[in-house]
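What follows is a group of structures, each given as structure tokens.
First chain A sits with chain B, and in the next complex the same chain sits with chain C.
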Partner chain A sequence: MVRHILSATVLAALLAGGAWAKTDITLGMQLEPPHLDPTSAAAAAIDEVVYANVYEGLTRFTSDGSVVPGLAESWEIADDGLSYTFKLRRGVLYHDGATFGADDVKFSLDRARVEDSTNAQKALFAAIDSVNVIDDATVEITLTKPNGALLFNLAWGDAIIIDESDASALETTPVGTGPFKFSNWVQGDRVELVKNPDYWGDPVALDKATFKFISDPTAAFAAMMAGDVDAFPVFPAPENLAQFEADPRFTVLVGSTEGETILSTNNKAGPFVDVRVRKAVAHAIDRQAIIDGAMFGYGTPIGSHFAPHNPAYVDLTANSTYDPELSKKLLTEAGYADGFTTTLKLPPPSYARRGGEIIAAQLRAVGIQTEISNLEWAQWLEEVFRGKDFGLTIVSHTEPMDIGIYARPDYYFQYDDAVVQAMISGLDAITDPDDRTEVLQALQERISENYVNGYLFQLAKTGVANAKIQGLWQNSPTQANDLTGVSWAE
Partner chain B sequence: MLRYGLRRAASMLVSLAVASVVIFCAIEVVPGDPAQYMLGLNASPDTVAALRAELGLDQQPVTRYMSWITGMLRGDFGISYTYRTPVAQMVADRLWISLPLALYALILSTAIAFPVGIMAAARRGSVVDMGVIGATQLGIAVPNFWFAMILVVIFAINLGWFSAGGFPGWEGGLLAGIKALTLPAIALALPQASILARVMRSALIDTLGEDFVRTARAKGLSRRQVLWRHALRNALIPVLTIIGLQFSFLLAGAIIIENVFYLPGLGRLVFQAIAARDLIVVESVVMLLVFAVILVTFLVDLAYAWVDPRLRGAR
Partner chain C sequence: MRALVLGGLLAAVFVAAAAVSFVWTPGDVTAVDIANRLQPPGGSYPLGTDHFGRDLVSMVMVGARVSIAVALVAVGIGMGLGVPLGLAAAATRGSWLDEVIMRGNDLVFAFPALLIAILITAVFGPSALNAIIAIGIFNVPVFARVTRGAALSLWTREFILAARVAGKGRIRISVEHILPNVANLLIVQGTIQFSLGILAEAGLSYVGLGAQPPTPSWGRMLAEAQTMISFAPHLALVPGLSIVLMVLGLNLMGDGLRDLLDPRVRKARA
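Moving on, here comes the complex of A and B:
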């Protein structure tokens, strides 16, 4: 550790003397990762530090969401879609000097899918039947049933490849194959990464990256203004963005995320069992007012549970236009002419707390009274997510391509629809892209027309950066701060 | 003096034992599951169960209480659920910021409050006294987080003399560390100094009205000599009480200031740990803070006895 700090200091001193462009960067993040092992927790902050920087998987996401080769150089898919043969890159070293090989792939994927695995996204690996080492640089993955999403699933941070001997200590001393090595973690304050000189791919421009954890939005603003941090890829206070936009020292990066922000509705609770009531709720909501009021205009309206930047997206917002009169009519038809009272339980993010107040007012206008309660995340998970004790709640589902949750009748919004379940299990078996698109579109329509939840908007990624930084991800296909292409302009 | 000290120490131990039970029970009843929190919205129930087993959360509360207490007596605070590092190490790291910050603020507060309070009391009713009363009233009324933000705007954003926050670590040098703690310490010290100055002033005024002061004056001592030699020492008891309370407050209650300056101190650790339901961290840190408060009270009790020998025999 001391050696790392020393070498980093020497490096910094050397660079400070030169006239080159800056080669270190400090990024601000609102939440600190609990630890640095993405294979045993869901916290987005973990991937925001390590994804593509420290660890790599067989495939990886790029900024536009496409899946490209990672540690696998290429692959072949058998005609029946039941086996994938990956050719691995040769000459790849872990940060501790060990050589990457087919055994590591088998170990990592098997570890993620065993019975007592604590991988938060274990479902990603559900279709895998076996992982076989063919030779040192070839791995075959066989499936129990075809899974068109396999390459996509393997790009997640939860599917990284690690060396068996490092597995137990990844939480505090991450060892991967990426372009940056873990150097130091001052808990509560920052994580530091340094350039990996032995990286197999294109060398990165940065020598050092520091992730600084600043939870308070006002402090985040001050830190940007004072130049303590160079960029805040997910800036916590949208109300300050206009001020940054007007300042030539900064650029504001507005991009898309995988976060469908929805008014989750308990489909098994009281009036919401009736689709007419859910439809009435959908028509009572003025999405634009919520986007403007709660998100300061950042966000794209959605009409189903699907990301607008995905090629298979269909715009279904017309199914739930703002129409309070229609809403009242539907409530009367359903037997609630005088309205009813339900609960609206809000987790901490500002989209929920601010959006909740606006939605409550809009629902009141058609006769639906809401009892608002503000919950912490842990409480929300206990009461709403696990206990299913709620009428309405607002939450952003940030996992990429998570429409599959609609096939889980025990999921917290309790939507039980055999048609959707059949479509989703059928989707797994389809590998042809056009056929997949067709099914995905039908799914979006089905969910939208059944008004399972109130569909509000796609969360925007709003970041702030020093105007001289180039190559930061504008979009967020997965929650990450990929620094491989980041550099300072001269 | 020794018997007095032992009696105080015994009551300190009883308080600690009671506190440990109260803390454990209070945290037990809070809803929320650390395993679910860590695994998020997509995890299947059996994954959550596997993690609960790994963390030892599936054991009975009594078993967990006993292992917590016996571990702590041996100096083993357990392993954090979320950070997966020893709690003792985390707390020690944070203490290296919280403790110096509290001391720094306390020194500033005392250094301001003593002269100001004494000056005001010595010239009671004068313009200086009025000015002190007004200024300290304002100092108490101003919320310290707001004052902190004003400091950041002036000294970090506009003048660029300080960082807006953060802590470089003591390995970056003593001066750099002290510099990073300066704005937070000032923000913390201002309200405390105002309170302390007012207490100092009124305690001194009370003492100056006592018979023994008149006697001392009658003996021929000057006002100045009476003030420094007799009145001040007797006025120290309420001041010490307030200093004791303030130190405990500064150690445990600096959380808002830690947030404004994003300092990785104890307060923020507790805050994060509560949100993540990292119960073992919450329990251990709260226990430690209780211990610190009780210890400070104990030391203040001893200091009373030193200042006022009459208290040594008292019950």
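Moving on, here comes the complex of A and C:
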């Protein structure tokens, strides 16, 4: 009898429990971060765990890419554009109990700017001349020249604010001011975050968040189907999305990312020095076939290195229409009537591996033979990105507003163009939005008409989530899985 | 005998398909035709098409060619190096040469073959050639041991004694008398190693260390089919069954040949 009463109680408890909304979430990610310090590495996976969750900066990105106040409550810009005065939030505590203040802002930004800084995006801070503490809640940043992008730059994960005493151990024990505290990292499996009860802003709905790392797309599919993972913000196999869409348990979130997926061309290697050859490559490529074949239809064609959802975007796909005849003609003009052979080095993502096979077939049709080699990320970084030992490669450039890489002749695709360099160095000084747009559009056109790289498509953010989860980012304006607005529907 | 015929037929189908693929395939295995991708088997594509719209019949044919070529050359390497080593070891039984050869064999044998194959291709880069070398190296000790074992028992036989009395040297005896008498065993072993070579090649190309795209290979076809297995199962079934049937055929053939050629088995039967 006792047992019956007990089981009835348990049953009632279970039923009651079912009516309450869940307060924990498990997110799947394909890549595990190498460590958890966004100020010392470029790996997107770091920000995808900690951005906006554990760490915050003076400003931050929202899901639509706009920049809003973060740890800075408000700011004033001097008329000459050379000084920014930030009013900081008061009563903000770090996870270890220390108090956030103006000193931390100075420390963090100075640390990122110094000569031997390991920050992966030092260019973000290049315009800063000095960071001055006015009082405990006020910081002034002075610039060497006006920089219209400063507030945008400070929103990056590389510009987060940290406490000096925590700085050395951030890689394994991140301490920030965000709504979640770091709790545990099981290497090779998962990172766990728990709610920060002392958070200064609106309290988050979740008590616990787990980031689970599943590199194999088949295992990712199985984990979603079995409910082991509640959401996969960037699902690695676009071919499976149709099945998730047909299943009422799931929603598929298709949004935009900052990932310009390009056929990177070594502008200093062999035939590619000749712009006619690069143009021939551009006209040999059938973008739609690549989007359909490699991404199962997800992706927006691009004709230059710029995100289509950006207001300053110009559609330049007409510069490189699919025209194999024109391509062959250009090759003949350039002296390669019989074609040539080059290398095509592919990193692991399916857009590169599958896209590479399709591009190889399309290039073969105009006489360009490619030797494909499939590389792991470490090899790719070593041979292609650092070693510049390649003819062609395919990669998605996922940083926001990264057209500045075209002004760096030592960047891996080695494009050296004084006109573009002048335009980009001039861009920083322009604060008027209309003038900026004009220069940005001229830049897109210049790059497109010089056929620096083969421009393929803007990577789509294809996420899968349990249908009851609300508030996940649909788009990916920066590398992040912001959980501050995420909750379970009842 | 029935096993030999059945196995031989199965293997012959694939060998024939591979041979034909040199001059003709139903479709182009390197052309991409997105409009016709993921067609189910039937109609103008008897086995369907893959995610790039390539005809699977053609891919299996060319894939067979790659598999057979890799396995064949690997067996060739194994025999070419292993048999002379085995003969030499047997001819100098108990000497330092015998010891060096056999302990060297033990060393290679002690490593898991696939692991070393992965190591070799990781160091020298993935390609069909490196896969051949990796698989070939591991065939050497197999053939050396089989040869030595069989040769040792022959060295005690009267006809070898007669040859020695007649003044023939060890090398001549090995080549003229030992080798022909171990050939049967080597053929049987070769068939089995051949099927293992097919499996090893499929395994290596499954993890991306075999023949590189666009050359089709059965292992990579399987790997690429993985995420699509729930809506296009033929993509995995076609290369998977090809591997199974080919390896089954070779193993049946090996068994059949052993029954036919191996004197010990033949005696037991009689």
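Keep this in mind: the second predicted complex is superposed on the first by the 471 of 490 C-alpha atoms of A that agree within 3 Å, B and C clash if a C-alpha of one lies under 4 Å from a C-alpha of the other, contacts with A are read in each partner's own complex, and residues count from 1 in each chain.
Quick note on the criterion: contacts are C-beta pairs under 8 Å (C-beta built on N, C-alpha and C of every residue); 3 or more make two chains touch, one makes a residue touch a chain.
Note that the structure is predicted; figures quoted are calculated from it, not measured.
Once the two complexes are overlaid on the shared chain, A:372 sits against chain C while remaining clear of chain B. By the document's definition of touching, of the two partners only chain C reaches A:292; chain B does not. In the superposition on chain A, A:470 makes contact with neither chain B nor chain C. Which of chain B and chain C touches more residues of chain A: that partner is B. Contacts of A:35 after superposition on the shared chain: chain B is touched, whereas chain C is not.
Using the contact criterion defined above for the overlaid structures, shared-chain residue A:217 touches chain C, although it does not reach chain B.
Of the two partner chains, chain B is the only one touched by A:118; chain C is not. In the overlay built on the shared chain, the residue A:189 is in contact with chain B alone; chain C does not reach it.
Residue contacts after overlaying the shared chain place A:341 against neither chain B nor chain C.
Taken together, the two complexes place residues 218 of chain A in contact with chain B and also with chain C. On chain C, the positions that touch chain A within their shared complex are 30-32, 34, 37, 51-53, 125-126, 208, 212-214, 226-231. Note for the complex: chain B touches chain A at residues 31-34, 36-44, 46-47, 50-51, 53-54, 82-85, 90, 93-94, 149, 152-153, 156-157, 160, 163-167, 169, 171, 259-265, 268-269, 272, 274-278.
Contact residues on chain A toward chain C in their complex (touch as defined above): 217-218, 221, 237, 239-240, 242-243, 288-289, 292-293, 353-354, 356-358, 360-362, 364, 371-374.
By the touch rule above, chain A contacts chain B in their complex via residues 5, 32, 34-35, 40-43, 115-123, 171-172, 186-190, 212-216, 218-219, 222-223, 225-228, 376-379, 381-383, 385-386, 395, 397, 399, 402, 405.
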